[in-house]
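Structures incoming, each one as structure tokens.
Okay, so subunit A shows up in both of these, paired with subunit B first and subunit C after.
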Partner chain A sequence: MENPLTLLVVLLLFGGGVYALAVLEYWSVAGQLAWGRPARLVLHLLLKEEIRPRQSDTVLYETAPVLFLAAAALAAAVLPWSADAPLLGLATGALFVNAAFAYVMVAMLMGGWAVNGVYAMLGGWRFLGQLIAYSMPLVMALTATVMRAESMLPARIVTSQLELWNIVYQPIGFGLFYLAALALAFLPPFDFPVAAGELAGGVWAEFTGARLLLFRLGRLLLIMTLALTVTVFFLGGWQGPWLPGFAWTFLKTLLVAASFFGVGRYLPRLRYDQMLEWSWKYATPAALVNILWVGILLLL
Partner chain B sequence: MKSIPHYLLLLGMLVVTVAFALVLYLLKASLGKPLAEPGKDVPAESGQLALKPAWVRYHVHYYGFALLFLCFDMEMAFMYPWAVVYKELGITALLDMGVFLMILFLGLVYTWNQGGLKRQ
Partner chain C sequence: MLSAFVFEARAGRLSSWKQWLMKTRFQNFKVFVVPGKDVLRALGLELASAGLTIARNPREADILLLTGPLLSGLAENAAVIFAQMPRPRLLAVMGELDIAPLPAPAIRLPLTQAGLLALRPEACRLLTAQGWAPEAQPFAPAFIEQVIAGQQEKGDHKGSGSMNHSAMEPGGMDMEGMMKDLDRSGMKPPPDAAALPVHGPHEHHSMPKAADKPSGEETTNEPAADGQHAHHTMPPTDTKEPPAADSPDPGHHQPHAAQAGHEHSAIPAGPMPHTEGMDMPDMMGDQMKPEAGAEMPGMDMSGMDMGFMSMVEMTKDLPRSADGLPMEASEAAFGPFFPGLPGGLNLRLHLDGDNVTKAVITPGQPDQSRADRLPLPAREFAPWLAGLDPLTPAAYHLLAHRALAQAMRLPATAALPQLIALEQERIASHLNWLIDFGVTIGHAWLQQAAEHLYWQLRQVPDQPAAVTAFVRQVRRLPLLRQSLTGVGQIPAPLLHHARGPVARAAGISHDARQLDPLYQQVGFVPVVRAENNVWGRLQVRLQEMLQSQELVHRLARLGPAAPTPAFPSTDQAAAGTGRATVETPRGTATLEVALQSGQVTAYTLHAPSARHVALVNEFVREQELGDALKTIASLDISPWTITA
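After this line comes the complex of A and B, so read on.
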């Protein structure tokens, strides 16, 4: 935040990135690049009739979309874009990112419960199960990067990768984090809570108009933030030749996000009980092995 | 104490998010009200109107995993400070946490062995 101009550039890049992600998401489904579509969708959702399900829980119904958006936005705030522009240099950054991501599940569960519909409810409970599956690999992979940097400050984690990026230093951790990130943003192989075609929209089935708009925007923000997290913690953050730091962060983030959408095109949806099983039988032990691996490398 | 302005900024972001949502709702409300028609506000249920409320007791099939998750989540609370000082303490830190993790890991293996790692 030392330089207000850099801050402005970073904010513009973040906003532009979110818009580009909306275009990319449609491209991954329909196979065409429609640049005006997100703007049209916003207008469409604003003009759409807003129906509120009967007997809904007012407090949860109103909180869920806002909390969802806020969780993604707050996590993004502590991640650095370049050496001189950490939006917020929080000393417990890695922990804070984690804490913010945990609220994604809370918001989805709230939304599922609030509307008093069976599909939404099932979606919510499924996402709770999903959290139990993805949470351990996500957290443990993050911890291993903290071990290497000896600090939870995200900027310090980036500078710890000067010699060798974490994707090479701890490839198991990267793989686990990547998959866990997909599950956290409920992207296609793991899209249980909204499961179009199976749960008829799941948690989002009963949300219309402005509230659905908030959910959709929050989802895109979440994907952007997760891609940024992968960039900062595993892909060397702002490091790269020729271009300024924030440009590298932006490019890497967009590439990671595009790969998120790409993965979903080629994989069928799993079952959440299979995901739980595989996560605890293979992913959690692998995450522990990764911590041991990093621990031994650091002591050598 | 140095981080208090940071937390204030985060609080400010939260307020801005809420304000953004409110502005959006106001904009939405200014564009007209929904028509009151019968059956419109009933949650979707495969083409028919939902007969019962959905707030019923639900069998959470993953309760075994949830218990395991609690143990491991507690362990994570210790992992964070440990990870920060790990390099400084060296081999002692590795052994200390290694014993702790081994006990937890044996628990996981035991659960697997007893058939706890499948849908109940």
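After this line comes the complex of A and C, so read on.
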């Protein structure tokens, strides 16, 4: 267990990162950096009444936002911020990250089902379809990085990128993971479950007050975690000159997250069956090719 | 305490801490606009400059803003929206409107941008002063209560799992349609095999009324707020539990057995034969049996494993969709305030899984105050008709003007300023449509860029460079073509019903401007494409924007800038009938007027949107929900002119 001070720094950075993501999200929409806005929104949501839909499924309704938040936080717990701060150094870290992300789908499905409304239900089911699309590229891209490091320990994966970051070593894997991460966080153009134009808010439509806050916060946490995953697995983690390790991790993570928000603005929402088609016809074979590629490189 | 705030405030005391929080932090108001953002824009009201943002969903809205005009039934829908908004909330009305079921508005404003600018500080002030009130009550107008009570009385004998999520959706709900459904269920509607008309409420178990009494507690504003929520079929095992399920205490957990029962029976949530349930109760009884057996946890069903539910067994009698899969049949309102669709469009979709099986657009009636105005003096008729459609007033003004001129046997006068106004309105209308289309297809840049250009043109109408640049950028957007081609094709036998850009996109070269001598003089040629899909319609509208720009320049060069011709003085003995045609941005509109003693006694308006509405069900069927909504959006229906 590392220094509690290091842990505190990491937590602060993580929290600050999440706040920065909220600002970045608004910036990508409105073009201005409103630093006080997320705090005001939190208060706004807490001041609003919490309406519980009539005849909703109580267990699922209460669990969904919390599970959503927990899944993102769990995945973040195994990702190292620097050589001195590996956090939960799990030997099966890469696998654990995947497993934690799977619960995002469970939470969204619960949220969609629990509120007893058509929009939310459709949003939930669509997210299940989305999971089928993004899961394979996500896992297979991570597998290729694990292959290179010959270990699932995330710190080992970072150190394996000492000479060459994975983004250069396996660019196909990076591209696939990036897109799959966008789909996992249901960011545009993959925002099927919470689409305003098609489902009037979808899964989140019936949540109000603190529960909606948990969902929103959870999604920011999820994006932060995904950006952190990209950083750790493909961008060399904490490696970089001059600045301390955790600063590099922080910067790289913010950069990736900012790009997450910016990418989808110029793309329309496709149908999720088109997404599935692309995933299984093109992305999964590409992921296999990527694994082959990494295997060849390792053998050489 | 103003009586208005009984429904707007949250229950509780307004402590100084809360007051401080409201004053300093509660400032980013989200506004839900009735009838719609497109009408708001067409009226020239810009929310962004007033420091407000749009709420796409009543649950995230703070202020319900009603501008006019309102069709019949929209006031009730707005009342449902208001009931769904979490408190503290505010009701603001601009202009003079009859908003019957809604409470008295907290804020009244003039229908101008200055009025809109005053909204935010006024809302701030009111909420800070009265955001919490001990006597706050949930807003539960009688008609909502009736519908809820009616649904519960229908009862649900089979119960099992959820299936029928019908109707009450936050996007706005057709309360009248719902009441009509309730009435219909008493009779036996012919079973519709193609559609799956599941209107779940009729099958529900009667839930104990106690669970649905409006409670004064703020956290349980269930009935009022959720008056629109779907009636959840509760499994029989849960009938012992309902008070727990709907208990006022959100923290209360159901006993484990009931939970298990609920979950268990929620699982075979396969589609239930609700269609039969609606009109053939005995058949329902038969189908009950296998399901009922399956619901009982642990019940041994003829040799199956304990608790194993065979999907094949359970779904063998269910209606199937075209591809053979039994999916969840549901029905939901996608209007009249659905984000992305025209405001006021009363759309209801029957869904099979997430495919559309039936689309029903219910035309609304104009407000009573409008309808009773005839006979009108001829001089007042044109502005009156222009007020019919807030989205394109200039086109209808010109139409009335021409029809009346013909009725009075006046020579056709060159009306250059009117034509220029018509063309400028065309550009504005297409941009207005494009903004909402961007919402439907989920394209953030398109929404924002189109809105930016819209307000730019509103200030300075003549900006060819900006429009050209915008159109070029839209055409180059990645993946837009791929996502829109192949969506929204009108079947060939029905193409002759299409009008306007929809028809021209499909290759039908019809445009009323071709017959106008002034347009012929400037060499007008209709914009025609051979792409009968959403992409084609988008392209046609973009090209028409460019063309209208060019037309404005050429028309201006035709003659000096003459003032709009004053309406010929109404001869008191003027009588006759007149007919005129104008190419509105949505298609050709034809008007016939009958004049008697200088007054318009009757008129018939053939608007292009009416034809499209009749067509919608034919080619939206079997499309995925997103595609169906894109198709309907691409038709650019104006709900104001499809009145029955």
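Couple of notes before you dig in:
FYI, the second predicted complex is superposed on the first by the 299 of 300 C-alpha atoms of A that agree within 3 Å, B and C clash if a C-alpha of one lies under 4 Å from a C-alpha of the other, contacts with A are read in each partner's own complex, and residues count from 1 in each chain.
One rule holds for everything that comes next: contacts are C-beta pairs under 8 Å (C-beta built on N, C-alpha and C of every residue); 3 or more make two chains touch, one makes a residue touch a chain.
In this text the structure is predicted, and so the values were computed from the model without any measurement.
Within the superposed three-chain model, A:G197 lies in touch with subunit C and out of touch with subunit B [touch as defined at top].
With both structures placed on the common chain, the touch criterion links A:A205 to subunit B and to subunit C.
Residue by residue along subunit A, subunit B and subunit C are tallied for touches, and B comes out ahead. Of the two partner chains, both subunit B and subunit C are touched by A:G117. Of the two partner chains placed by superposition, subunit B and subunit C are both touched by A:W125. Of the two partner chains placed around the shared chain by superposition, subunit C is the only one that A:G264 touches, whereas subunit B remains out of contact. With both structures placed on the common chain, the touch criterion links A:E50 to subunit B and to subunit C. In the superposition on chain A, contact of A:V29 is made with subunit C only, not with subunit B.
By the document's definition of touching, of the two partners only subunit B reaches A:E277; subunit C does not. In the three-chain superposition model, subunit A touches both subunit B and subunit C at residues 47, 49-55, 113, 115-119, 121, 125, 200-201, 205-206, 209, 273.
Partner subunit C is touched in their complex by these residues of subunit A: 29, 37, 39-41, 43-44, 47-59, 62, 113, 115-119, 121-122, 125-126, 188-189, 191, 195-198, 200-201, 205-209, 212, 264-271, 273-274.
Against subunit B, the residues of subunit A that register as touching in their complex are 46-47, 49-55, 65-66, 69-70, 73-74, 77, 88-92, 94-95, 113, 115-121, 125, 128-129, 132-133, 135-136, 139-140, 143-144, 146-147, 150-152, 200-201, 205-206, 209-210, 213-214, 272-273, 276-277, 280-281, 284-285, 288, 291-292, 295-296, 298-299. For subunit B in complex with subunit A, the residues that touch the partner chain are 2-3, 6, 9-10, 13-14, 17-18, 20-21, 24-25, 27-28, 31, 34-35, 40-46, 50, 53-55, 58, 60-62, 65-66, 68-69, 72-73, 76, 79-80, 83-88, 90-91, 94, 98, 101, 105, 108, 112, 117-119.
Residue ranges of subunit C in contact with subunit A, taken from their complex: 10, 18, 21-22, 25-28, 56-57, 59-60, 84, 86-88, 131, 148, 162, 165-171, 207, 212, 218-223, 225-227, 229-232, 234, 245-246, 250, 252-254, 259, 262-263, 266, 328, 330-332, 338-340, 351, 353-354, 439-446, 477-480, 482-484, 624-627, 629.
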